[in-house]
Amino acid sequence: MPIQYYIYLCLALFSIGIIGVLTRRNAIVVFMCIELMLNAVNLLLVAFSKMHHGAALAIDSTTKAGIDGQLFVFFIMVVAAAEVSVGLAIIVMMYRNTHSVDINFLNRLKN
Amino acid sequence: MNWPFLLLDAADNNSVANYFPIGIQLIFAAGFVATMIGVSQLLGPKRKTADKLETFASGIENHGDARQPVAIKYFLVAILFVLFDVEVIFFYPYAVNFRELGWSGFGAVLMFVSFFLIGFIYIIKKGALKWED
Amino acid sequence: MNAIIFSALAGVVMMYSGIITSKKTVIKYIAAIALVVLIAANLLQVYGIWQISVDTRDMLSFEKFGLVFNTLAFTATLIYVLLSGKEIENAGVNVAEYFALIFFVLCGVSILSSFNGLLMMFLGIEILTIPLYILTASDKRNLRSNEASLKYFLMGSFSTGIMLMGIALVYGATGSFALHTNAPVALSATGGIKASFLEVAGMILMFVSMAFKVSAAPFHFWTPDVYDGAPGVFTSFMATVVKAAGFIAFIRLFEGHTAILGPTWKILLAFVIVATLLIGNVTAVFQQSVKRMLSYSSIAQAGFMLFALYSSNDMAKEGLLLYSVAYSLATIGIFAVLIKLKDYAFDDFNGLGKTHPALAFATTVCLLSLAGIPLTGGFFAKYYMLASMVKEGGPLWLLIVAVLFAAVSVYYYFRVIQAMYFKEGTPSVQTEITSGFKAGMVLLAILIILLGIAPSLVLNLFYF
C-alpha cells in the first residue's frame, strides 16, 4: 500500500487527538487523547520504518535500514507507560481532593 | 489465480485480491457465530430462572453501582503492573537477536534486569504491595 | 558518560537512603555528598582523565560544550541544595524521594547536553520532565500544587506528542534519527508527498514543542500557573537548571540544521523572541506576588536566551553557558530568600534591609544580576547574547527592542529592592535564618559579582 495512505491516516488520528485535547473538559479524556496522539506517531514510525526498509532492500538484500524506527516505537511505548502511571496518580490525587476530574475547575491559579 | 496458491499470489501482488483471504475469514467467522447461536437456540433446553436474568459478573453476586470509589490499593497495584508489564517489551528485540548480541548483549540485559529488580525491591520495602494494613 | 551513569546511580542511592534512615538531615547530607561525587566524576571526564566508555553507537557525543554545561548545572544544583535544603526537608514526608527525583532530573540534563540523535533527545526530555511532574505535585494536600501538576502534566505530555510527530516526520524524510545527517532523501518512496515538505513540517512541530518546553512566547501560558502553584523550593529548581537544560537541548537540536527552513527561520525566531520579551516583561510589571513575578521574569529571560538560538555561533554558545550560570545562581538566591518568607507578596520584603542587612544585600545583588546591571553576572550574560546576535548580522531593531525590554525589567526587579530598603515594616520571616545561610547567601552574591567582573572564569572552562 502506498505510504501516503499511512501518512494521511496517522495525521487524521493525530488531529483527532489534538482536537480532543483542546476541546474536552474531562482530564481522563484529555489524557486518552494524548495517548491517541502518541499511538498515531507509533503507527507512522512503523510505516516509515517499513518504507525505508523496503527501499534499502531493493539495493542490498541484507540491509538493516529502518530498524531504528521500530526501536523508537518501543521507547515511546515505555515512556508512555511511565507517563500514564505518573499522570493517573496526579489525576487520582486531584480527585481525592476535589471529587472531580473536570479541568474547568483548574482556575485557582488564575488570579 | 489458482486456488491452492491463493495466499502466495496475494502476498506477491498489490491489489484488491490481497483482501480475498480476509473476506473468506470474515465470512467463516460470522457464519460460525451465527450457526452456533442458532443451533444452541434450536437444540438446547430452556429453563428460565431469576439468576439467569442477573448481570453476569464472573459468578460473583453483583451489588451496587460501578461508579463508587474502590480502595486506592487496587489502583496502586494496577499502576505498578502497567509499569512492570510494559518493560517486558525490551525483551522482544533481545530474544530475536539473542545469538548475534552474545555476551555483551547478555550483560546489557542483566544490567537492565538488575535496575528493574532494584525498583521492585524498593516497592516492596516501601510497602506498596502490602495488602493488609 | 560519567555524568549520566553517576546521576542515575545517585538517584538509586537516594531512593534507598530513605529506607535505611528516616533522619531528614542525614538524607540531605547524603545528597550533597552524592552531588560532589557527581561533579568530580564529570570533571574527570571534562579533563579527559578517566571516563566510563560505553559504545553508544553515535547516539551520544560528549563534547566540551555539553560537559561544561553539566559541571555548571551540577554546581548550581549543589548550591541550591545547600541553600534551600531545609525547605526540601520540610516540603513533605518523602524527602529521600525528592532528592532521588532531583538526581533523575540531572540524569536527563546530562543526556540533553550530549545527545546526538532524536531518540536520545526524546528520552532525555522525558527523563527530565516526568520527575518534575511529581515534584510539582509534592504538596499533596494543597489544591494549588495539585492543579499546577495536572496542568504541567497535560501540557507537557501534549507537547511531547507534538514533538514525537515532528520526529516521525523528519524520520520519514531522512530515514535516520541522527542529528547531522546527509542521508539520501528517499524521494520516490514517499509517494507524491515531497520529502522536503515532510522534513520542514517535522522541524516546525519540533520547534513548537521545544518552545513549549522552554516557555517561549506563544506557548508560554502554562509557565506562570505551574511555577506559581508548585512548592517554592521546586519552582526554584525548575526555573533554573531545568530551563537552562531545555535551552541547551534547543540549540543542540537546531544548530546547523536550519538550512532547509531558509530565511523564514530567522523571521520566525525574531517573532518568537519579541513576543516572549514583550509578554514576559510587560506582564511581570503587573504582578502582586513575587513568586509569580519571578515566573514571568523567567519567561522574559527565556526571550534573551533565545538569542543564542538566533545567532547559534560559538559566541552564542559561550554566552548561553554564561547566561545559564548567571541566571540560575541569581534565581536560586532569590528563591532561597523568598521561601523563607510567609507569603510570596512584595510586602513581605518590607524592612528586610534593616532586620537582615546581609540577606537584603545578597538579594539585591541577585536582583541586579537578573536585571542585567553592570558589575553583576547578568550584565555580561545579556551582553554576550546581544553581541553574538550583532556578530551574526541580526537586525538593529531587534537589538533596540531587547535593550528596551531589559530596561522595563529593571522596574519590577527594583520593586523588591524598594520594598526591602525604603518601606517600613517587619519582614514576615517564617523559618529561622541561620548564620550559615547568611554566609552562603553572601558567598553567592560575591560569586555573582565575580562573574560580572571576570566572566572569563566560566568561559575559560570552555576552552581549557
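Note that the chains are named A, B and C in the order they appear, and that numbering of residues resets to 1 at the start of each chain.
Basically, a contact is a pair of C-beta atoms (placed from the backbone, for glycine too) under 8 Å apart; a residue touches a chain by one contact, two chains touch by 3 or more.
Fair warning: this is a prediction, and the values are worked out from it, not measured in the lab.
Central chain assignment: C. Criterion: smallest distance from chain C-alpha mean to the mean of all protein C-alpha atoms.
At the far end from chain A, in terms of centres built from Cα atoms, lies C.
Chain centres here are Cα means. That of chain B falls 42 Å from that of chain C.
Here the CA centre of chain A is 20 Å from the CA centre of chain B.
A separation of 26 Å divides the Cα centre of chain A from that of chain C. Shared interface positions of chain A, defined as residues touching 2 or more other chains, are 71, 82. Residues 1, 71, 74, 77-78, 81-82, 84-85, 88-89, 92 of chain A touch chain B in their complex.
Only residues 12, 15-16, 19 of chain C touch chain B when the two sit together in their complex. In the complex of the two chains, the chain A residues touching chain C come out as 2-4, 7, 10, 14, 17-18, 21, 27, 30-31, 34, 37-38, 40-41, 44-45, 48, 51-52, 54-55, 65-66, 68-69, 71-72, 75-76, 79, 82-83, 86-87, 90-91, 93-94, 97-98, 103, 105-106, 108-110. Residue ranges of chain B in contact with chain A, taken from their complex: 14, 72, 75, 79-80, 82-83, 85-87, 89-90, 92-93.
Of all the residues in chain C, the ones that touch chain A in their complex are 118-119, 122-123, 126, 130, 133-134, 137, 140-141, 143-144, 146-151, 153-154, 157-158, 160-162, 164-165, 167-169, 171-172, 175-177, 186, 189-193, 198, 224-225, 228-229.
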